[in-house]
Each structure stands twice: as structure tokens, then as C-alpha cells.
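Every chain is named by a letter (A, B and C) in the order it is written, and numbering of its residues begins at 1.
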């Protein structure tokens, strides 16, 4: 018995070691140091069979999106559910059933596995083939049906599930979650670096999802001129605000954009294409490689990657064009509704 | 209401943008411009719950192949089904339940992600390790149990499921489907560049599947002499004919082969090994890298890749040794029965 | 009928061709030449529907580990089962239900796809980014939630399932199984190169699994001094013994370690980190790259890889620092209980 209590103590101590991103600033609560985190963690390591059977029984529900799960079956709990594509392919993903009415399906995450890699293995949202003008689309994953990763590794690896192309949606929600934070903590609001959603049903105008939107606005090198871009959609904040969004990017970047938007397919001075400017709209100057993510297959040689040049003036340096460490070391989770 | 009608109009317009491969010749119908395509597409974006439940209920059937699904349960509809390996591993794939009596299981697709890549990331049917004589088998996927991809991405990425090694079959069927064409359109006959099957039960002589066949005929650099090859099996056409097969490869290649066959494990002048010559049998001259696919880990330096040297005289150039653009930009779907 | 008998004969002949690793020494029985192998193989190629339904019905059991499957449902047969993570993610893996009381969950395998690759594609347990001191953790898979591979390809590719981080365990079991041996033969004792397990519940002290253990002892370049290491745990042999363990590594390596242990996170002279020394504890001299597996992202340039420098004095050469061919061409299967 004493042994068990000692083990429990060791267990609690080891929580200290579960550091995810180092968070240098005091703006962000270190969620791993909260009592709520410790309690959830403690509960989670033991098997709760009642709960386990409950989540397994979710497999009897048939739907193509979390919105349909909420509407048809009144599912109201955040977590992992089963979805089916129109063709009958079964997969599992995370549903946010609470934010702004719920019904949000996680369809993808963009994760920078190494800010030093230049379109190398792991850069699935730009290119794994090296910086190469002969491959202007790079891996092409913004506009194909390839999938990768799993829902539980969405904060430690790139993730894309069939919902990305299969679901017909109206709005998007975006969560920036610190790398490696386990799924069971994602919905603690304090855990997020930034969270927002759109409300104007813009996806109806662009084919119903990002797969279709990026067919209209290809994420491709040399497809347009510097400053060309796709839609910039106003956002509603769920965690953070315009001012905190501004501060997440570098001081030099802040002069170029307006916060309060999500922008699709931006093109920079070198004619490189980026997929998403999260939280901002480029307005003057187009050094978008420092604050937009994803891309085609060719950039300035030192910039190719999933978070192209977020470390231009040193990683997490808060200097010049460098994005903050919080932003650089957080995965970008993309939801549809 | 007017809004909805306008959106519908935008939706229909955007069908134009769903171009897959550019098809320069008039031989091939552009399936995306047909009325049938537009109607299927329109229906598909809305969720039909009755249909969704039907395809999910397919999970109660237990079988190791589509042939068993057809025989035991009289399943007659083309589409995505659940299969189980002899060891109990569950997976999903596409069944062709109509061609020549049906019961065909999709077990793999060979997709060229970049004709410019030389055994780089994405060349899973040759090598992702660079052109390397120290790795004569390359990735070795023709004769191992590794799997990759998903059924819905089989025209946009390499695909291999457990059926490749688990199913004991007699015949093969091959579909060349334009890159990125969605699964729900694969069975439109006009969509295919080429389709054929064998009828002589040749796989009984080679262990029952490609996994076993390629153990007898290794897809390995330097394993044999120029001109050595495995079996060449006569085919029955389901779309196309001998003459259209000939025209799909380059003018110089046409002098070297006889159409109307599928040939396994060809060896070229440089002692490089290829896995499948689709639609043809090499007869005189062995520049098979221009019309055979898949391979070991070492080729002439400019040729290593899943479609080794289909672009020798310019991509889709219809010149010299270059295969046609239709062939080069189509995935090769492999079925067993 | 005669035809069928002939085919059967061809089928039996082809068993000869199913060579996996060449096994040069007489210490190891070539399992593929045994009568038991031939019989299992013969049975396996035909579909046994009763058996197929039985393994599919395992999906109704709900548990987080094979130990729970054995305890709650009295499952006693080795094979493939369904497990569910605490968050509800469903996956399949292999359960060893017999060794030392059973209840062992396969959570990972370490497979060397090419002893000549130097942290290239396929080196998921070290780095796929090249030998790079800027990426001291390499791919980081020893301490993240990424998963890859499938249970049936665990002897032909790297494998990691959610159990690696989700299961709270006490002991480990390790099987060295010749590359490419099919799952249906893994539990033939004679098939293994080496098999052992721990009995002292050491994982209770290190967070309950390798995911937590390697947070305390990071598999990272330059994280400690030569000779630093994590725990070395005594093992109980299930196949092999201390002497046979010694002989599996090179003559020079044998002077440096003591057999009869599994050791975690060893550091060599060049400050490179390795994850597991299987069967041994380094005692004097720290050329651990010749007998420990997995690693961070930076090694001596000629050594980076999943089995870092097992071929130092020629592959399978039994000379100097070279590990035996049996060891180098066997996958390392990791189980929890």
C-alpha cells in the first residue's frame, strides 16, 4: 500500500516532465501546471471500462460530419467519433461539440516537425521533395485526396483525414494547440495559443471545403503575382483577440497585416504560394512566408517548409520577422462545420 | 432562395475546374464534361443517409476477398467494402462487382507522383532511397507485406492493402484511371484510359498472387540478363483494344512490344528490373523502362522511379520513347479475382 | 483433379522460395523448412470462414490492452485483436496470450529497412532527415504519439501503434523475429532469434510505458556524457540464454557488455543516444552503436540509422564490431504487460 502511494507520488512528479513547448512569455498559462491537468492526467492512465464502452458504442452512429452527429443523434460531448465518407470509408476524428453551438469536425492539422527542414520528410503541407521549381505544387496535399496521420497524433505530426475533401461545409474553426499536447486536453480553453471561427458561411462560395477552394486558388509556385490572394474571411475569437494575434507574429510582420481574418492562398515577392494566413490578412508588403503556413513546392531556398520562414530572425526570437515560439511550436488544427 | 440558386450555379460552374489530367487527344472522352459526371457529382455532395447506412452495414459481411463477398452474400454493387485477412486484420477496399462476372478486389495502385523525381519520396513501387545499386530491391514493396495509402486516394497516391499478399487469386484485372479521378467515377467505362483482365487463371501457377509471383521473379537490380522476364499473359479488353494500347506508348517503344498481354518482371539493357508491362509483351529490344512500371532500386541514373522513363523524350510528348500523357498521368489499379 | 494435384505440388515447391533472412549459422532452425511451417502455410491460403468470423467477432470486446482482454474476457489465443485507446481510438494489434501467463500487447517493432541507409526514409526509430546535429531528437518517435505501420507488416517495416503511449504497463517482452516472417508463424518458438521478458514491474517506476520512460531519459544527441544510461533491467529468457545472446553480437562488442538485461537510453563516445540495448547491459567501453538500437538524430556520420552500426566490420560478418546476420536481419518486436 505504501508502495502504491509512493508510486502515485512519482507519477505526480513526472507531470513536471511532460513539458510540451517551452512557453517563455507570461501571456500563456502553462496548462500542464494546472490542477485540472493533473487530475485529468491521473484519471486517464487508469482504464474506465464504462467510459471505454461508451466511446466504442459511438461506432453505431452513421454520419459524414460532426455536424450531422450532433443534429441527428444529439451528441454533445467533445471527443473522438466515427465518420463515414459518401463512398463508405470509415475513419475516426475529433468533434468539437461545444464551441458556438458545436458540430465542428477536425479535418486536418499542420505541424512543423522541424523548422530547420527545407521541404524534407515531414513537410507534407508543402513538399517532401526538396525545394524544387519543377514541382510547383509540391506534395499537392491541399488539393488532393491523400490522407495521413491519426487524430491522436494531430499535435505531433501532420494530419489529414477524408473529411477534408468529403464534407460539404459552410464555416471553419482553427485551433493553435501547443505541440504534443494530448487530445484529452485540447478543449481546455487555456491550452490553446489561439482559437477562432468564421460565421459567414464563406465555404458555400468556394465549393464547400478547402479541397475545392484550393482548386480555385491553387497553392502552386508561380501561379500568380506578388500580393495575389484568395478570400480573406473575418473571424470571431474563441480564445485570444486581435491584439494577441498581432503579438504572435514578429515585429516586422506586424506592419504588413491586419488581424481578425483568415486568408487563403497568399503569394509573396518570390511568387511562392502559401495556403493559409491564420488570424491575419496581408495588407501592405508581402513577406507572407513569415506569417502564413503551408505552401507549394518552391520558395526562396532558405524558406521552403510547412511553416515556411517563421524562424527568419532566430527561432522564437520575437525579433524582426521571427514569429513567436508559441506560434512556431503549436500545431494548427483545422475544423469544418 | 435566389441565393441558393445562385450558389447552385456557382457549384455547376466549378465543375469546369475539376480538370484532372489534360487530355490532348480526341481519342479519350473527358469524363468531367459529361452530364453523367455532373449529376453524380451534384448528388454526391449531399448526404444520403439511407445510402450511408447501407454502405456502413457492409461491415457485417465477413470475407477475405470481393469474390467471396459476391459468392457468399451475393453483393453486386461496385464500391467500397470491408475485408478481413486470414489473421483477422480488417481493411476497406474497392470491389468491381460487374466486369466479366464481378468479384474483383482492388489490391494496389501504382501512381507516379512526380515524373521528375528519381526514386525519391513517393516512389514506393520502386525506391524512396535514391538510385542506389547497394539497394537492389529498392523499397521492396512488390514482395513484402508493407501497405500504404487508402482506397479513396488510390488515384492520387500509391496504394497497397493487405489483400495484395493475403488473397489467393487466379486472375488479374487492370484499370488505368486518370490521376485524381474520385472513386465514385471509376466505374464509368469512359473514364478509363485502358481496362483489361486475364481469364486463364495464371496466378494458380505462381502462388496465387503478385506477392508470391514476385518471390519467384524478383524485382531486383542485376538479378538477370537483359530480356529475361517472367510470364506474359494474354488479356481480354474491357476498354480499349490492341491498337489503342499500342498508341498509348511512344513511337519508338511501339517497335519493341506486342500488345494484348500483361508481362511481369522485365529486365532492360542496364539490368534494371521492372515489375509490370501493362498491356504489352516485350519482343525485340529491351528499352522496357519506357513502357513498364515499378522497379527495383537501381536504374540508369535518369530513369529511377515508379514510371521509370515514361518522359524520356519530353512528358506526354508522343515523341520517340515518351509515353502518352494519358498513360503517364493515370494511376494503374490492380485487381485480383 | 489431376490438375489440382499438380497445382498443389507446385504450391509445395514454392515454399522453398519463401526464404526470409539467410541464416548462415547452424544455431538457428530454419523454420520455413519445418513440416509445421508447411502445414500452417497450406491451411492459411484457403479461407476458413468459421475461423474468419471468430476473429472478426473479437471486435465486440472492449479493452485498452491484451492484458485486459485476457483478464476480462478470458481470451487465451495468440493473434490479432482490437484495442481502444482511452480517448476511443480503435486499432488492431497482436496479443501474446500464452508466454508466462499471457496478456502481452505488441506496441512496436524496430525494423532495419536498409543497413546502408544513414538516417534516410524508413529510419523512423532514429531519423529520416539525414544525420543532423540540428535535429538532436531525430524523428522523435520514442517520445511522441505518432504511429506507423500495421501489425501484419511488423516484421517487414517499422511499426508503432497507439498502445505505445496509451497503455499503462508494468513489464516488457521482446521478440527478435526474422525479417518478413508472417504473423501466423511468430509464435513458433523456434522461429525467434531471441525472446525474453522482464518480471520486476520496472515500468511502474518510469511512468508505465516507454513513451513516459523516454521523457525521463531522452533519446537525444548530446543530452549526456558517454556511458550515461537509463535503467538496465534483468530479463527472463523465453528463447535463448545469456550465452546465445552474447554470440548474437560481434566479438569486439562482447567485451563491452553483460548479457541478461534490457537497457534503456545508452550514450556512446560521440554523445549519440540509443534507445534500447536488447539483451545486454553496457559495462566497460561505450561503443554502443554496435549493439544498441534506435536513436536520436545525430551519430558519427557512418552510423546513423535504426540499427546504427551493426555492420561496422561487414554485414553479418561475425567479425570485429559487426553483429550477426540473424540479429541484423530480424525485427525487434516490443510488447507491454
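As a working rule, contacts are C-beta pairs under 8 Å (C-beta built on N, C-alpha and C of every residue); 3 or more make two chains touch, one makes a residue touch a chain.
Bear in mind that the values here come from a model prediction, so they are computed numbers and not experimental data.
Per the C-alpha superposition, chain A sits rotated 120 degrees relative to chain B, a value rounded to a multiple of 5. Residue numbering shows that chain B and chain C use the same positions for less than half of their mutual interface.
Here the CA centre of chain B is 33 Å from the CA centre of chain C. Residues of chain C in contact with two or more other chains: 121.
Residue ranges of chain B in contact with chain A, taken from their complex: 7, 10-11, 14, 17-18, 44-49, 52-53, 55-56, 58-59, 79-81, 92, 113-114, 116-117, 120-122, 149-153, 155-157, 180, 182-184. Chain A makes touch with chain B in their complex at residues 62-65, 68, 72, 84-90, 121, 128-130, 132, 134-135, 139-140, 144-147, 162, 168, 204-205, 207-208, 212, 215-216.
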